Structure formats: structure tokens, C-alpha cells
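Please go over the structures that come below.
Across the two complexes that follow, chain A remains constant while its partner is chain B and subsequently chain C.
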Partner chain A sequence: MFAQRPEIRPATVEVLVAGQPVRVPEGATAAAAVLLAGLPAIRDTPVTGSPRLPYCMMGICFDCLAEIDGVANRQSCTVAVHPGMRIEPQRGARLAFREENAAHGA
Partner chain B sequence: MNRPGAQNSFDAIVIGGGLVGAAIAYGLQREGLATLLLDEGDIAFRASRGNFGLVWVQSKGLGAPHYQRWTRGSAEEWPKLAQELAAATGIDTGLHQPGGVHICLGEEEFEQRGDYMARLQREAGNLGLEYRMIRGAEARDMLPGLGPDVAGLSWTPYDGHASPLYLLRALHAGFTGAGGTYQPNARVAGAACAPHDFRIDAAGASFRAPRVVLAAGLGNADLAPRFGLSTPVRPQRGQILVTERTQTVLPMPTTTVRQTDEGSLMLGDSKEEVGFDLGQTPEAMKMIANRAVRSFPWIAGLNIVRAWSALRVMAPDGLPIYDQSRRYPGAFTANCHSGVTLAGTHANRLAPMIAAGELEPEMAPFSAERFDVRTAA
Partner chain C sequence: MAPDPGDLAIIGAGPAGMSAALEAAGLGLSVTVIDEQPAPGGQVFRAVEAAAADPALTGEYAKEGAALARRFRAMPGLDYRPSTTLWHTDLETGTLSLRGPDGGATLRAQRILLATGAQERPVPIPGWTLPGVMSAGAAQILLKQAGAVPKGRTVLAGQGPLLWLLAVQLFRAGAPPALLLETSARGALGGAMRAGGLWNGRAMLAKGGLMMLEARRAGMKVVRGTRGLRAEGDGALRGVSWEGGSTECATLLLHEGVIPSTHIARAMGLDHHWDAAQLCWRPALDEWGASSHDRVAVAGDGGGIGGWQAAAQTGALAALDTAHRLGRIGAAERDRRAAGHRHLLASALALRPFLDRLYAPAPDVLAPRDDTTVVCRCEEITAGQVRQAARLGATGPNQAKAYLRAGMGPCQGRMCGTTVAALIAETRGLSMEEAGALRPRAPYKPITVGELAEL
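On to the complex of A and B.
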């Protein structure tokens, strides 16, 4: 559904979207990588489980929430890519606490 | 529009559309009294919109057993009120009463809390007070990811929480659904008092009733003297931080951290004597966040998405004030800083007393005459 513009700068940065390698230009957003990866959804809403993809691309709608480099609930349209970035779907509400964190943190 | 004549005559007028006024108005209308609820509008301080949402027993009423009883009574009335409101309005007030804890950071806090709870239990007398001081491993089984600074918890089975905003909405919907008359943007402009005969001017009209209830929060301080009453209340500011929504993690509320039905973590609270200043301060926010993170270190990884302040309605001794005017019988006042906790007794016990025209003897210690030491002596 989404394609890069023909005059686009070279896609030199490789990131992982749901584990799948995607190459995007330097300075692109994580949300752009999500759209290019062709996923059916990047998140499910916490209340109804409705699937969502990046929409407004300007930090307003929150439909592009993703777990980026292990940090949940990030607005992927406001995050610039870096090589090796891991962008994972956000399934419902984020976890606040995992039992194993306690062991690591102690 | 308000027409003159019978439409402006009621059995009771309640001044104040926050949690206290709405609970009493709901109770009066349910008792069969045609009730008018006058709500000032968004220029009011609106403490009910800033409430933390605890239905809380274990920190209330040391040195005031009557307040402990009143609070416990409200926790008992709450399930009935919540069920009734849900049935009448379809609004779920989000009540959960799984018990609750106060988290003690450090040994000194734990010891002080233990003394406090023991005194509270002694003062409870025949009412009894079930509580436990819980340490270490057992505390860590009750709540996920408690931090190393947590020395222990005090626990009682009576505590719980609810959504203040859904409660307010449900009380208003229940009140109007039962036939009550709600008048917004109705700051009291004038009043004429005689025993069991009151005229209130508001929203460009005059209203009459044999009963009037002052439930205007901080506004009661100025209103009360006009009705032969006294409510020497002052503002006490509290600030709250709110995190992004997360999956449900907390099985019960604590005094300063609770998780809403929607998944947000609410973090409180501050107690600041700053007059009518509704501002927020980095110092108080830092203190609140620090205590929350020392209690639950994983909270540090969550985003704060909202913060606000509100003004508690405090009497000089921190206890509620309930009175009927001696000079103008039929005029009542109701003041407290626990509009959520006390909604149960306000709707189910206080409103019937007001409908009957007399506060029961158990309410006498709540009279503002307790501040009038010289007169009493």
C-alpha cells in the first residue's frame, strides 16, 4: 500500500519491524518504517483490541504507538530511526511490571 | 427558563453540585422530596473534579471515634449506593473494595503506623477495627514489585476505591432521573431566611423551600453565616500525577498509589497550605513521584501524562461539619474533604435525616459548635 517517493534519498538505514528487516533513508521516522514494512497493524487498542497503523504522522493521534528498543508506548512517528532499531507491535496496554524485573533490579 | 410560581417551590434546595451536594440531593429526591440542586459553575473550585478516588477508612478518625464510625458506615453503604446508581443510570462508578494498604517507607514509618493503627483500634471500641501490620515477604506477595525501602504495610479489609468522575456523573444522572431539578450556573446571589422558610436567589430567579442544604465546599464559609450557621473551612491544596495506562497490575489501592479501571496509575498526594492558589509546583510533583517510585520502583519507567491540583475543604480539625441552624431550623450544612468516601453515608444516612428535619444524636460531635470553645465554656 505504501511506497517510497521516487526521488527519495537512498535507503541506507536498516531497522527491524516486528523482526523483519526494513531499509529506510537516514532521518526517516520509525512510523515510516512501519508503513513500508507492510504490517496489517502496529498496535491493538487497550480497550477494544482494534488494530491500528500510523495515521497522522505528526504526533497527535497516537495510533502509531509501538515498542521501540524495548520501551513501550512510544509514538513511532516522532522517533527518528537508527541502524538496528527494533520496532515491535504494541499489543493493548503496556505492561507496567514483569516479575523478572524484580530479580534484575534487586 | 424559570417561571414564577409553583415551579420555583421545592421541598428542599441543595446549594452545591459537587460530590457532597449531589449525594445529598440524590438522597433527598429518592426520599420523595422535590429537590432543587443549584450548581455554581466552572468558576467554582470544584474539589470533586480533582479527587483521588479512595473509599478510605484506615487513615480516618484518630481521636474522633464518631468520624471513624461515620467513615466505616459509608464504606458499608457504598456497595448499595453503587448498585442502585448502576441500575438507575447504567453508570458504573468503578467501586472496588478489596481492602487496602498504607505503604511504610523505612522502619520508623512502620513503627509509627503500627502505633497509629493500634490507637485507632482502641478508639473503635465495640465497633472493632480489623487490621494487620504486614512485613517483608508477605507484603511482597500482596503487591507486585515493592521496593527495598518498603519496611511493611498496614492493611484493613474495609478500604477501596472508585472513580470520582463516574460517581459524580451517576449521582447527577440518578438525581435528575428520579425527578430532581438541576440548575447550573446558579451562584447564590441572595437569600432570605425564616425558620423552615427559605428563599434563594440564583440564576436570575428566586426559589423557595422549607429546607436548604449548604454543600458548597469552600463556598460554605461565606454562605453559612447568612443562614445562622458557621463553617470555618479553609482550602488545603493537593496535587496528583497520572501515568499512562498499563495492564492491571495492582490488586488493591494504597494511600498514595492506585490503579484505575482504565489502567492509569494515580499518584498522590500533597497537603499544602497555600490559600486559594490552584497552581502546581515541581517540588510537590517531585515529592509525589519520589514516594511512588520508592514504593514501586517500576513506576519510574512509566510516562506521566497528566497532573493537576485541587483544593480540599478542610475544617480546623480536619473533620467533617454537619449542622442544622438553631436560628433558622431547616437550614443544614455539610462539609468534608472526603466526598468520595462519604458519598455512601451522605446519600443513605444524612439525606434521610435532613428529610426528617433532624440530625440524629450521633451527628452532634460534627457540629461546628465544637470550635466555639469560649461559648461552650
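On to the complex of A and C.
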């Protein structure tokens, strides 16, 4: 779990983490938003379903994979937040075809 | 394919990449800088434009780091592409395949400079995949990029200057770590002193000493000679244990130094060798950073760990050599301009042999003793499975990948490659050179079929 220091870096950008609004500083990444929101896991592994949170925060470990604005398997530590960004945990592997993807033609 | 190749494409906007860009653009070269991060700085000066005023982040970060980023931003004519990932390179034509905020793009350059920096050495201990366990660098990045600090009791484990720096920064940010479990071998200091360089590196040494003093004064306890670290918990971190002790904690931050990020360099097929002092792979480079391929140079920590001051100098040297190779300056002019950089480089590297000896990771950091330790975090392959594959005939990490899928997940072996090689080397009685390095392939980072189709 991580805490903000709003007196140093005001939380000005509101994003949705697993559907819940969270305000984070400008320049923070989606991975930081998940840690600040206090989610117990950002993804479940495809192999055993074990919970993970970001480990390296520098684009190496891929443990921060998340679904961002509807796109699965994004490396959330390399994606800066924008107002209204929707961040959902990555559950297992990315599904190539599912109903909502089909509906959006993705 | 873009019709007119530019002079120089630089991968990475840390100290090496920024310095190279400034030097090359100053000599009139057309320069493109590609960087995965949304703002310049690399890892060491991450988010420096946003966070330089944070009282927890004073010193080189706020001064030299901010100044370098300012000069980089102010340099006219630079084609700087943040939030952009390089995923493929055609070295024949100098074509780079990129993925940026606006989708895919290609770019051609006569010369390519890899300034991809360092990554933290993976610290595979039992339980290190539990939520709540992170690398120390990750916590520092959260502080720099989001002003965030760990909540609850924090324990640091491992060794190296970054742990002490982070302890001080977290203290200044109002979240002092409770405990440092230091893994340095007893007696390492004596051996390190004999490596020399203490006089020439005395300024850096003094800075390190002050840092350690401040962290101790802030109340951080230190356990020395820690062995057998384990992260404890079920589904989430509950605490940490070691031979002779245990304690509860909400966050465990691991660090055993940094190693060159050689993923792209290895995928390009550049010659590498195992650095027995720094215990990592590094590309074979000449004194200008030129690699075994005549289109590619490497600068900064990606070519061997030297720290940011050294990276700034090797970046400038690679830029000078590029200008020379492209016929913009003669050899004498290149050498004349290089003299000052070489002097600063030597001074920046003075303390390195001492630090390499003092903070050499223990053998079980490279090859974890406990067979239940997960080594490949993506595919969840344990040390025991790798040892078994080695006994069955896997002679190196490339074979182990076929046996076990270790290194086949999304990180492509960035985390496990060296550990898998070390486990095989140990089991089969090979050297690391004989076990070899993973040979990654493009795409260097996963891309979607849709992105591929856009090209």
C-alpha cells in the first residue's frame, strides 16, 4: 500500500481504478494509481491465478499488466494517467475474443 | 519505409541519451530520441521536471538532473518522442519500428545509439512474487513520479548505495523504513578497500557516508550479514524472515544493485561478454561505445554499470564518434573534444571497483538455493524445475526456455534470464559464458496484432 503526499504533489487527476474514483498527481502512472487506490492485486497470473502487484515500476517485470481504457495487457507502469482513465486488473491471460470486444469491433 | 534516414536515433532519454543528444545536435546532426517514459530523465532522474522541488529529493536529482533535462528540452531541432517503445530494428537498413501514443511508426537512422540504462538485478527469494514485495527502485520511482510513499511498516533488504539513498529519501518524505536487512558479506569492506580508488572517489565516498549516517540517525535499524531471506504471507505480504530472525512488515523492498539492460542489444545480436566483477552481461564495446555491429553504439549503464555521471560522459563520447563516422568532424577534432569527457569519465568511475567488490551479490542471489523459489515470475517456474531441466540436458537458458517456458512470458526473460543461466551453470558445472545468455527476439515488447496490421 502506498500513501500520497498531497502537500508536495497535489492529487489533481481523477481516474477510475476497478470502478472506484481515485485522485492522483499529474504525471503518475496507471500502476501508481492502482497502488494508491490500495487494490490487493493488479493482475492474476495466467498460470496459477496468483495475485500480483507492480514489482519494478520501470517496464521490466510485466507484473503491472492491467486493462487500461478497455485495452488488455497494458504495461501500466509506462502509461501516464489522464482524467477519466479506466484501470481494471488484468485477470489471467488476455482474451482474444469476448463479447464486449466483438461489440466494439476490437 | 521513411525515405531519408536521419543521422542518429537514440534509444532512451536518461543521462546517457540526453547527453548524447545534446552533443550530437550541437554538432549539427539530426537526432531523434525515443523514450518509453512520458518525460525525460531515465530512471535516475525520473520525473525530475515534476518532482525537483520535492524536499525529499534534494541533491544531484534536483540540481544536475533538473539542469540536464532543462538543457535537453531547450535544445533546438531535437526530435524527441516520449511514451514511445522500440519493438523492432532492421540493422541492414537502419529502420526502427516504434509504438507511440499515436500508434505505430517507422524511422530510419544512419546510426543507432542504445542508451537503455540499467535495470535492478532480480532478487529471487521465496515469496518475492507476493503483493507488497517490490524492488527498492520501484519505491523510489513512486516517490519521484507520484510523490508516494509506502504505508505501514517498511523493511529494506539487500545491499548497495540505492538502499541507503532510498532510506534517506523515505525518511525525508515522512515514511522512514524501520529496518535494513543488509546482505553484504562480513569482511567485504576489507576486500573492497584493496580494490583502490578511494582517494579519487573520495567525494562520492563522503556522500555515501553522510547518507548512511542520516539513515541511522533517523532510527533505521540495520541487521548485517543477513542470509536466507524469505518474504512471508499467503496472497499478500505479512512479514519477512531470515536466518535467525523475522519481523512483520507491510512493504518489503529488495535491492542487490543494478545490471545493464541488454535486452535490445542481445536481440540485435551484438557481441556480449560476462562481466565477472559486476556479475552481469555487457555488450562488447570500444572506447567510443561502438558495438560489434557497425551501425550501433551503446552508452551509459546499458554498456556496463558506471552510474549517471559516467553515463553522461559515455553518451557524449558516442555522439562525437557518430559525428566522426558520418564525416562531420575529423578524428583529431573528435579526440580533442573527447578529452574533457574522458577526464570526467575516469573520475566518475574511480570508486566503481570498490563498490563492485563491496556489494558483490552472494552466490544465492544469482542461483537461489531454495528449490521452491520462483525464478521466472511470468511463467511461475521454480529454481528446482530449472535445476531438473539442467540435469535432463538443458545446457543454457535458450534450451531451458524450450523445456520449461522460462523466459517465454511477456517479460521475455528480462527478469529470469540470468538466474536461469546461473542455475544451469551451477548444476552442470559450467561457466556463465558457457551457459550463455538468452537470445531475445523482436518484438522487444509485446504488441497487438492490430498494431502489426497498422504498418
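The criterion applied here is as follows: the second predicted complex is superposed on the first by the 95 of 106 C-alpha atoms of A that agree within 3 Å, B and C clash if a C-alpha of one lies under 4 Å from a C-alpha of the other, contacts with A are read in each partner's own complex, and residues count from 1 in each chain.
The working rule: a residue touches a chain if its C-beta (ideal position, glycine included) is under 8 Å from a C-beta of that chain, and two chains touch if they have at least 3 such contacts.
No experiment lies behind these values; they were computed from the predicted model shown.
**Q** Let me test your reading of the model: by the given contact rule, A:G92 touches which partner, first (chain B), second (chain C), both or neither?
**A** A:G92: touches chain B, not chain C.
**Q** Contacts for A:T48 in the overlay, against chain B (first) and chain C (second): which applies, first, second, both or neither?
**A** second
**Q** Could you figure out whether chain B or chain C reaches more residues of chain A?
**A** When the residues of chain A touched by each partner are counted, C comes out ahead.
**Q** Jot down the residues of chain A that show up as touching in both complexes, chain B in one and chain C in the other.
**A** On chain A, the residues that contact chain B in one structure and chain C in the other are 47, 73, 106.
**Q** For the complex, which residues does chain B have touching chain A?
**A** These residues of chain B touch chain A: 144-145, 148, 244-247, 249, 262-263, 265, 296-299, 301-303.
**Q** State the interface residues of chain A toward chain B in the complex, per the touch definition above.
**A** Result: residues 46-47, 73, 92-97, 99, 101-102, 105-106 of chain A touch chain B.
**Q** Quick one: which bits of chain A touch chain C in the complex? Just the residue numbers, please.
**A** Contact set of chain A toward chain C: 1-5, 8-9, 24-29, 32, 35-36, 40-41, 45, 47-48, 50-63, 65, 73, 75, 77-78, 80, 106.
**Q** Quick one: which bits of chain C touch chain A in the complex? Just the residue numbers, please.
**A** The touching residues are 36-39, 43, 47, 50-51, 54-56, 83, 85, 119-120, 128-129, 131-135, 137-138, 141-142, 145-152, 173-175, 235-236, 250-251, 261, 377-380, 409-411, 414-415, 445-446, 450.
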